[in-house]
Amino acid sequence: MPHPIVFDTQPGMTKPIRIAVLGASGYTGADLVRLALTHPNIEIAALSANSKAGLTMAEIWPHFAPYPGLPRLITSEAVDYASIDAVFGCLPHAASASLLSTLAGPKIIDLSADFRLKDSATYADWYGGAHPAPALLPGAIYGLTEYARDSLPGAALVACPGCYPTAVLLALLPLMAANAIGPDRITINAISGVSGSGRSLKEANLFPEIAEAVAPYAVGRHRHMPEMEQELSAAANQPVILSFTPHLVPMNRGELVTCIVETTRPVADLRAILQARYAAEPFVHLLPEGTPPATRMVRGSNHAVLNVFADRVPGRAIVIAAIDNLVKGSSGQAIQNFNLMFGLPETTGLQAAPLFP
Amino acid sequence: MPHPIVFDTQPGMTKPIRIAVLGASGYTGADLVRLALTHPNIEIAALSANSKAGLTMAEIWPHFAPYPGLPRLITSEAVDYASIDAVFGCLPHAASASLLSTLAGPKIIDLSADFRLKDSATYADWYGGAHPAPALLPGAIYGLTEYARDSLPGAALVACPGCYPTAVLLALLPLMAANAIGPDRITINAISGVSGSGRSLKEANLFPEIAEAVAPYAVGRHRHMPEMEQELSAAANQPVILSFTPHLVPMNRGELVTCIVETTRPVADLRAILQARYAAEPFVHLLPEGTPPATRMVRGSNHAVLNVFADRVPGRAIVIAAIDNLVKGSSGQAIQNFNLMFGLPETTGLQAAPLFP
Amino acid sequence: MPHPIVFDTQPGMTKPIRIAVLGASGYTGADLVRLALTHPNIEIAALSANSKAGLTMAEIWPHFAPYPGLPRLITSEAVDYASIDAVFGCLPHAASASLLSTLAGPKIIDLSADFRLKDSATYADWYGGAHPAPALLPGAIYGLTEYARDSLPGAALVACPGCYPTAVLLALLPLMAANAIGPDRITINAISGVSGSGRSLKEANLFPEIAEAVAPYAVGRHRHMPEMEQELSAAANQPVILSFTPHLVPMNRGELVTCIVETTRPVADLRAILQARYAAEPFVHLLPEGTPPATRMVRGSNHAVLNVFADRVPGRAIVIAAIDNLVKGSSGQAIQNFNLMFGLPETTGLQAAPLFP
Amino acid sequence: MPHPIVFDTQPGMTKPIRIAVLGASGYTGADLVRLALTHPNIEIAALSANSKAGLTMAEIWPHFAPYPGLPRLITSEAVDYASIDAVFGCLPHAASASLLSTLAGPKIIDLSADFRLKDSATYADWYGGAHPAPALLPGAIYGLTEYARDSLPGAALVACPGCYPTAVLLALLPLMAANAIGPDRITINAISGVSGSGRSLKEANLFPEIAEAVAPYAVGRHRHMPEMEQELSAAANQPVILSFTPHLVPMNRGELVTCIVETTRPVADLRAILQARYAAEPFVHLLPEGTPPATRMVRGSNHAVLNVFADRVPGRAIVIAAIDNLVKGSSGQAIQNFNLMFGLPETTGLQAAPLFP
């Protein structure tokens, strides 16, 4: 008989919120379970992974070896949704909307790309097929928490942003909304850890292919571009088209975006705008002048760090942001949204400081 | 003005325990601060680092960039010990005992090697000089928590075990105490992440010297040997001398020990002994039969995982344990001891699940 | 039209030796091609990989992007063996013997496990099936070059040792042959880079599963054990049974074995034996007293480094060896054997110094 | 008595070229020695490192353990320059020019920044002090080999380009010279392995600070910028000012530059220009359409790989190049220049294929 999870008892908590995590066999789903394990208001009621149904979490995830009490994996069809308060969707795009659109009852926090784009034609262009549930798009909240707070308490369906858009939008939205940067010629170079590629079995993801190497991918055609453009265009009140080049480097977690933007304002003004916007934010931090953001500042945490620098080319500035792609870029932000949807303090369950070294 | 640490307010906690961390500029001290930041009963009252006095934690530690409210570093002499309830000593050996022996008042949890060995002559042999405060040795508790619980509530001075001894003793003590393994010819091979070498500026610690490489060190003469022998001898009721070879590999955290032991008992018996001893432990876990322990099972957490295997050589068995060297092997175990010294639930502040990937 | 390989022209070489590499889609096969590319006497005449037939090497191997002139991959059945002087077999076990046993004409250097064990019953026990060509076993040369030199010039079939046996045997054979170490209780702990696992698509080989982690595998049952025992038993003139525990760590290349042996001789005697044996060897090096071998000393090269240390347990010693698992542990040794089989200087094509950092 | 280096005998070579490597205790100097060891026309006559004078190379460099016959380190003042044919300068800037300007006789290949900039005022601005030997600047050849071939045979002083400029200029010079890209708004993001930081003892270079992390550095003020601008301005026949942001990632070797440029030409035209320029080059390779360059394609070799892509922003293109920063970006190019200075085939000693994995 496995021994019990000693950490999930929360004396004094009258009624926990019962969650299901769909797609718990991927890195995103697993990181959500990791965070949920110590969330004081969550009961992990169901875990699904169709290809691994019947296995325990410990059997497919080494780091859950100390937690034999976690629910066994079942298919997403086998979940008793009537008993679930919140569903976290960690499924691939298209599959996610197909399933989630059939649910009634639980609130939905979706981590796939399916409900991020408002325009189903744009979705079809970039994701290679008609949207499975276009009727849900208008009501879905784009869950970049710091910009969605007012809409989250009553929300039934929240689409968590992609990891790259989270970092880029935190960096650029306040500047764009203040007309402090131009809508043209935004150039973003991004560097990500390999967990962003998922746990898929392809040669490019094997250790020896990644270690001691760096490689760009999806050059000129990464699917996170329309999402960034949608939100920046809204802030700019005009169409924004941007350049975005992501690179994979040999690390597990972490994401850094380096954004070159056009501006007529001195860097001090840009700093002041970011400082004013984020001074009261628990998870977004403008660094001291001259300190470059680095992923080691945020590893394993829900924090984002930002800074802005003068560019050598006159009329431009460099805005840099770093996050943990699996936390603020994915599961952590999902929990942050969940907290607000259920009336909990926003930082509940997300207090862990970054892990360094 | 830096914004406040939003996580350290604990509504309802009547009187926090004020701690000082001496040696907060090393990896061990920093990891203690990381854990203390979210411990609900701790107030971080003072942080010392003589060589960095005057700097902020964020200036010397990238991952504390989001925590500008941490106390500024001061010298250990400048700490107002009268206002401190507990001191965590993360100083180098010898310096640690010299300073801590002068303190009266606060309870002391020492993470150095200074109070681990009962015999000051052995200390002098291995650490290259007379013990600075031999009078304190008899009263110091050897804080391998799972074996020191009865002594911790009233303790004034606790010596936290070294990282390697923690892993080895968790693996072997129950077997030795049960006379299930022999005291002779114990052979231990250990593999550690680089954080175990500390933040010292030497060529061997530079990234390019470590990456893509593995190297043994201190072959036949590692200072953790007398500590393991002391505790195993006590369990065996006879002198134990062992072989121990540590290796550094390119990872930050994690430690794995592979122990080949002599035994006349079948592996199933050894499993049963370990299972009985650890079934109720929150942080020590015997894995299912056949599953090898791995450091990715415990990274960033206070957990230890164990297993035992048949050796090909008849009359021997292989016992393997994995921990995070900075947590269960150092700062986490220190907090675990602190909790029991102050009458708190043992797992307080240590609930974070392992970080994977 | 792809531009030509400018490096493969060898002015003055009257008649190159035409080779085929079977299994060129694995790491071992690829490393053989890498070495063959600059070998002055080799013409790469055919490359096979049944699952990738039709593709170019550059399409499946990023580092051959600068070599578009390499032969396109074909099936092993499509190779024109009549025109081939030497076949390098880099196929999986069983498949290797099945194919190679049908060839007549070319000399064969096999890198699989199929021709290493002299006893077909032992093979069946460890490799899970009857040997496909037991009649070839007696004539196969076990190609640990430094110990097979006399047999190589006339050999038709050479079995290259496994990577672990190469390191272990270089370390222990001279000591065992001199009766300087005992045949009992040999304990070997081994640490290997991930390329040793091959390019196979399984979760355990993905970057995030390996990075920042260490894990033992095949505890008590690794298939290289009978091979080491066969050779050590021959040197000891009595049966040797040993303990061997391999571990994977986050690096691409490199292998280190730490051998604890019983001895009645002082370490200085063991050093003298190793020094005498290897003083004239171009690829095997006894390090200065006290210097531990490390994989960074040999990365990318055909070198092996050794040393011996006193153990804390009386009557024992610690012998350590490091190699690059893909070079001296596999493809480099294969070339070394090839050179001697064809009457070339032993170091031809293997002169590259180690790559560090 | 150490055994001899068996690889440095070159039967038939009548008179080797005697070289001295100044600054052999840095990664650049060590990589030069690595390449020189197997260069058929080079005799390593002297190695200097003032801070390590008296030590052997094997004592300070693990990978030279198999080469005990290398000359012992001496001070740069102790070198007998009258017996030296070529000096490779691997010293820090300013120190390099101070020393090299006093030498007469040997040809000089300098790997420092001292002779790269034609304008001594620019040097003073970026390198923080007056140039030590401005009279030598007009005669120094900027040794980007593919663009300096005509000047190298008679050259007495060659300044090897910085690693970043090597990659950037190989990517952009042909396009700029053809007026196919604009001189304005060039945006370069660069990613480098850590060996580029040198073997200096600072916290930021320790393994745990680098592993599992990415960080930009020298944002807006990296010293390689004026060098790139000098060469691009010459090609453009007008001043070029560019944006350049370098990032460090956890790998030893490798460098990748992602250049966003303005263009009115289709990508196919840009490809055609690059193809025409590099078709006959032994070390510079335009990849097939759509294949992104990656550092694993060139690790440990003197190769560079390039490609060009359409940008999503109209009127722009993305040109990407990858090199090994220590080889083509430093020591390999130095050897390539040396070969031409001494009338040897350009690829001599540089034939090693990339090391992967």
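For clarity, chains are labelled A, B, C and D in written order, and residue numbers in each chain start from 1.
FYI, a contact is a pair of C-beta atoms (placed from the backbone, for glycine too) under 8 Å apart; a residue touches a chain by one contact, two chains touch by 3 or more.
Predicted model, so just to flag it, every value in this text is computed and none were measured.
Seen from the C-alpha centroid of subunit D, the farthest chain centroid is that of B.
When the interfaces A-D and A-B are ranked by how many C-beta pairs touch across them, A-D comes first.
Averaging Cα coordinates per chain places subunit B and subunit D 45 Å apart. With centres taken as mean Cα positions, subunit D sits 39 Å from subunit A. With centres defined as mean CA coordinates, subunit B is found 34 Å away from subunit A.
Among the residues of subunit A, those in touch with two or more other chains are 27, 62, 193, 195, 208-209, 211-212, 250-253, 294, 296, 299, 356-357.
The touching residues of subunit D, when paired with subunit B in their complex, are 27, 62, 193-195, 199, 201-203, 205-212, 250-252. The touching residues of subunit C, when paired with subunit D in their complex, are 3, 6-7, 27, 30, 34, 37-38, 58, 61-67, 194-195, 211-212, 252-253, 279-280, 282-283, 285, 287-288, 291, 294, 296-301, 303, 305, 347, 351-357. By the touch criterion stated above, subunit B contacts subunit C in their complex at residues 184-185, 187, 189, 191, 193, 208-209, 211-217, 219-221, 225, 241-245, 247, 249-254, 256, 258, 260, 292-296, 299, 309-314, 316, 318, 320, 322, 356-357.
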